[in-house]
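Each of the two complexes below includes subunit A, the first together with subunit B, the second together with subunit C.
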Partner chain A sequence: MELINAQNLMASFRRKVPGLSWRGLVMAGLFLALFPLLLMPIGAIFIFATRDGLSRFLNALSGAAAQFALRLSLLIALLTSILNSALGTLTAYVLSKYRFPAKRAVEILINLPVAIPTVIVGTSLLLLWGPLGLVGKYLDPLGIRPMFTMGGVLLAHLFVTFPYMLGSVKPVLEELEVTYEEAAYTMGAGRLGTFWYVILPSLRGALLTGTLLTFAHSLGEFGATVMVSGNLRLRTQTAPLYIFSQFEAGNVEAANAVAAVLAVLSFTIFFVLLRVREGRSTQRGAVDVNRS
Partner chain B sequence: MSIVLKDLCKSYGDQAIVDHLTLEVKTGELFVLLGESGSGKTSILRMIAGLVMPDEGVILLEGEAVTDVPPQQRNIGFVFQNYSLFRHMTVAENIAFGLKIRQVPRKVREAHVERLLEMIGLVGLGDRYPSRISGGQQQRIALARALAYQPKVLLLDEPFGALDLKSRVQLRENLKNVQRQLKITTVLVTHDQGDAFELGDRIGILERGRLLSLGSPSEVYRRPRTRYVAQFLGEVNLLEGIVKDDTVQVGEVSLALREETVPHETGARVQVLIRPEQLEVATVPELLRGTFLAKGDVQSLLFAGASYRVGIRVRGLAGSVTGPAGRTESSVLFAQIGLGTDQAAALAPPREVAVGVSAFHILPYPALRILVAVDRSKEAKDALQLAVTLSKTTQGHLTLLGVADHYLDEIRTKQGLIQAKKALAEESQEAETLYRRGRPTEEILKETNKSRYDLVLFGTRWRPSPRRLLNAPAFEVALNSPIPTLITPVPAGRLQKVLVLSSGEEICRSEMRFIGRLSRALEADVTLLYVQPGPDPRESVLDYLQELLQVLRNQGTRAEFHVRSGQQIPTLLNELREQNYDLLVFSARRMKRQKTFPDRSSADRFFSHLNRPVLVLNAGECPESEEPASIR
Partner chain C sequence: MPLLAKFYPWGLLLLLLVLLIAYLLPLFAFGLPAHRPSIVLYGFSILEEPITEGILPAFQRSWKQKTGQEVEFYTSFGGSGTIANLIRFGAPAEVAIFSHNWDADKLKQAGLIQTDWTQFPHHGVVNRTPIVLVVRPGNPKRIHNFDDLTQLGVRIIHPDPQTSGAAYWSILAEYGAFLLSRNPPDPIDAQDKLSRLWRNIAIFGSSASASWRQFDIGFGDVLVTYEQQAVRNFGRGLSADEIVAPTCTVYAEHPAVMFDRNIPQAKRPLISAFLEFLWTDEAQRIFVKFGFRSVSTELNGANPHFLHLSSPLTIADLGGWPNAYHGIIEDVWEKKIIEKDETVVGTGLRSGLHPVPGCEARGDPANSRRPDS
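== the complex of A and B ==
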């Protein structure tokens, strides 16, 4: 009975408002689904974090462990971005410029970290470098313990975020004509000069995108970090680990405060990325129009 | 000499892109390398720039060997086809790049950029980015960028390739002005004759990595050295003629030869090249200002802006007209003439007109290019012997082809080629050799399809075993190759009597011309044989034979025809034996279509009875224009 009514209602609705059709319904449905799925949880963080007033929020943030965790996360993210922009650009340059046997295999292998669950990345790093690991057990007597240190965390982050830098730089490099470099050569620029003055500047946008992506992923990295860091308070505990530990210990407030900061950082990066991408696509559009 | 290239070679894989190229570009000259895509022109430019290393040869820039010097140290300016302007730099930064690399102080740099912008007429655009300016402007920026650091040599790779006609014309002028002003030695590569004619002080025409022709634009246009060059540079009417003292005989008309034309002697067969603008058309011969050439009917009249393009089907001319695309239409000449509207209306087809010539150019008749299939059999030696005879009488080019169908045959085949070449050298006959791996039939057919040869020559004995015969490459190639196939089962002496079996409709005019050309070179007499089943030949058959005979006679070949009645093959064999002909010519066209030989052994019997060289004409269809008129 109700169903019939609903159908009647919809039919009359459609008759009355001709513009609202299936399209409108689908869109409305999508928003209804997205709201609880995406927007509400994010909103919840801020609501919880600020529920008890700003002073409580700042208090929760100013704890030594919280401060350390946030700073460590930012530092690691920064280092990861810097190291991976160098590594990723170099790899992209080699992959787009040179031909060598098994090139395709290398390309697949390099993108593998995207597919592997991060926890497994962490586990495998442990199994290799850990005190009982394949290589680690020989290093351990020498006093070299890469795992459960900041270095270990950095290593895991480099591994996990490597494909992001490569993925944004390589397509741009591949798009550059061969004659681009040759033009610089004929004008007298050497290989290094050409790279510095010609190649690198044309990668600016891509490098920024890649760096931001890397930074954002590194900031939020959890799975691999929790394995390789040992979650040592004030030593290797990054912000996501701190949030998790505090939540588990029942300190929801402390967890929320740091989570809110992380969320704000991520949003900022996200919107900057959005701007960069849009800027680049309009610029490219202009060139295309010109060519045609 | 600013640029000297000596014996430059470059190949990618098996393919030679640049083939022993030697060239000198004078100081301050604008030299244009003109060629179709794939002719190697861009490779040459890149080798001069040092972007590609030659496999062999030497490059000198201002007398200095730079073959191994990297591009950075050659001090050249290069304008790329896509300009390759740096997108992240402004126009001014782009132009200043070469100076920045040379560590010229900023102030000097800026002043210099201003001067260059002024020179190319783009003052005020310095702050723009390349993506915000038009294609023509980009091209000029690329030019300024390449000139900024005062290079010794300027190289341009299809600089107008991506532009519309209007900017093209403007930019040509711009480039010419800049080049004159700076007097910089320039090499420009293009596929466009317009670029070459308007810009070049000299033009070099390339085909397959070889320099075919070299000279000033008017020289190469008016007096091309080869037919390819003539056709590449523009449409040309191509006729055949015979030199008689100081004239050349074309059909029934003699045209006076000028002094500077290529060497010739009385009796020599030549090609007569007439550009469309060298022809004139009038309603009556008396109105012609030049020499009367022929009468004909206007077939087409096309308005082409500044002039009209008139197609005239002419009578009494043994010749063909070949356009740039290699289209052949018998006896249709194209003229390009300026006409008023009234005059054009007066010429509307099918108006009868007289055609006159104001100027023309002659070329020696092209030498016969013969492909000889070589193995180590006795028959192959007969073929080689015949090839030498043919080549000597026609000033032909010989190419020896050896095919190994198994890797074990590789060495033997190559040795066979070397021996054959040696044997030819003893008779002071030059030859190229080609070696291929694969099935002989396929490889030979592949080669004959390249339109690099006029004739393929085999030595093969017809054996009584049917399998041997029908599997023999000679037979397959004869049936399928686009060029005539000459097969000799026996050592051939001088070929003086030629019998052409023409049963009705299978021989094209172009093929008849080929037979005429061959016979004339061999000084052989030709007999056309028609075998008819009934008692009286149909009238159309007689017309057809007359027409073919005329084609032969137009070429100066002695020819006659016989009509016999009876069964075709026995009659033919009888005729061959009684009159003792040296060469039999027939077409595989109808043989293939009608399956003349129902089984292999009947074909075999026929061929083993011949016991003399056989020329098999190609099996493809006649192009309509080449079909004899009497059967159309």
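== the complex of A and C ==
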């Protein structure tokens, strides 16, 4: 009896089908698994979006509600990225440089948004700031109504995307050579000067990564947004909400048109993200971390 | 390209940022706090098309003619229960059209509505549409009535009572049909049939519109929905043999309300004008065109696709909303069928009922889908 093992099997296969190898099989298997899982659904969006021709696709995109939804999503994403980069950097700085009681607890708490389902984030914001909410019921008679407005949506997005910026900046901050900082202090730079001229430049790559991640997550945010926005067309309806509403109303082409645009935007963002990361990793080989 | 390499990636990112900000500028041109007069309107799901494509442009034209002003509308549509809850939690609705009076009543009890909408024309009802059944081409499962939905193996797409107003109307129609098809009415039998129907439900749609979507994609054998959905889609891929008019069904009547709390004094004339507009012939004709039955019944002839219904019940026949809600939806459906709580002693409707002619007739195949004139 022939010894049955992988090598013999491969050898016998190779005799029958020249050119075949483990590598080829594994790659084919991976492709077969990923194709229906990832590639086909995304392909379906583009196929349905352009099914009735390019002019209908552009028509669906040019409607007032669709344009507003896209612009609103981009605006909220931009504002969220800017605000959270400031907040995230500050938090990372405090957490890595300062010592204070319950620091561990704080570190865990501020990473909570990643673990909480976004719908719960939305619900909790409503329960706090809504007209019947814990704080909201005192603000409501004063005319301050943060929920069901763009401000409310921004608040929800800030909450949900905060850990991404933090998680991007903090490791890099902690890895920085303290000697550079100390050298700056000995040369007479204050805390602020050190931060601006020594620390911040080395964070450029991490900040960019964090910003892009935050931007991408904010673009696609649905769970919290659907709770706090009131889903008002032309006022608080973001792109994901628009897609959902249009699909429910039966306008599949309109929904898929905007979905296709969002998909392309996300691809672009992650493409740039990858290139930046590649650039940084090749430079990690160099000793000097201050240049990015 | 050496030039590109020089600017990559920061230059490219800067360029993208500039483009992005340029794209966002029109948002501020609209005026984020709108300087134009505006109305915030919440409507239940199937109203989206008629309102956004018919009613709003017509009102905007009429208002511009009268005052020269352009009115903006901020709208949100969803299941009637969904929008009622949103408004209860503080959504800034100024006008809302619900699927049924019960949603409006709950908001009134919560103090959000001061104006009594039943004082509006036609008791505040803007349009109506009965509950019907939609089946697959050729009606392979031979469904002609609600009774046929209780058979084994029939998969029903039904709106979800937690979020959709259509669901309440459907339960009332189903139970009403079961109850009144016997003389004298037999509540035990009716409850048993409703229970069997409920077990056949394959998918709950979050709204009438969402339920249509599910059926359209290919799920289920039969859809319980508003006639408006069937009429609207007739000719858009839906054919005569797919719409079934049950012999005994209920007219869904849709009230329009306004939320005084959210309306500043200066805006009252505009809101009142919009509400009044809903009952003008022009608006009612638009509703008829999109498949709703007008409250001005003489206009209904304009749409040839309305079904021939033998005897639709109205909520008044069932004793009015509080009676129907507590007697049927709460006592029978919720407590007995969903919670299986047999200690509840409810026989359905509290007030005495007389059998309604036509509701006694058995399912007649010839009755389904004959156009009314």
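Criterion: the second predicted complex is superposed on the first by the 260 of 292 C-alpha atoms of A that agree within 3 Å, B and C clash if a C-alpha of one lies under 4 Å from a C-alpha of the other, contacts with A are read in each partner's own complex, and residues count from 1 in each chain.
Note that a residue touches a chain if its C-beta (ideal position, glycine included) is under 8 Å from a C-beta of that chain, and two chains touch if they have at least 3 such contacts.
Just so you know, these numbers come straight off a predicted model, no measurement behind them.
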| item | value |
| --- | --- |
| Fit or clash between subunit C and subunit B when superposed on subunit A | fit |
| Partner chain in contact with A:L112 - subunit B first, subunit C second, else both or neither | neither |
| Contacts of A:N231 with subunit B and subunit C, given as first, second, both or neither | second |
| Partner contacting more residues of subunit A (subunit B vs subunit C) | C |
| First (subunit B), second (subunit C), both or neither touched by A:G190 | first |
| Which of subunit B and subunit C A:M147 touches, first, second, both or neither | second |
| Angle, in degrees and to the nearest 10, that opens at subunit A between the C-alpha centres of subunit B and subunit C | 150 |
| Touching partner for A:E182 - first (subunit B), second (subunit C), both, neither | first |
| Contacts of A:M27 with subunit B and subunit C, given as first, second, both or neither | neither |
| Partner chain(s) touched by A:L72 [first = subunit B, second = subunit C, both, neither] | second |
| Smallest separation in angstrom, by C-alpha atoms, between subunit B and subunit C in the superposition | 15 |
| Subunit A positions touched by subunit B in one structure and by subunit C in the second | none |
| Of subunit B, residues touching subunit A in the complex | 49-51, 70-78, 80-82, 84, 86-89, 97-98, 100-102, 131-135, 145-146, 149 |
| Interfacial residue positions of subunit A with respect to subunit C in the complex | 67-68, 71-72, 74-75, 78, 126, 130-132, 136, 140, 145, 147-148, 150, 208, 230-235, 237, 245, 247-250, 272, 275-276, 279 |
| Residues of subunit C touching subunit A in the complex | 9, 12-13, 20-21, 23-24, 26-27, 30, 32, 40, 45, 48-49, 72-78, 86, 88-92, 206-207, 209-210, 212-213, 216 |
| Of subunit A, residues touching subunit B in the complex | 177, 179-180, 182-190, 193, 197-198, 201-202, 204, 283, 286-287, 290-291 |
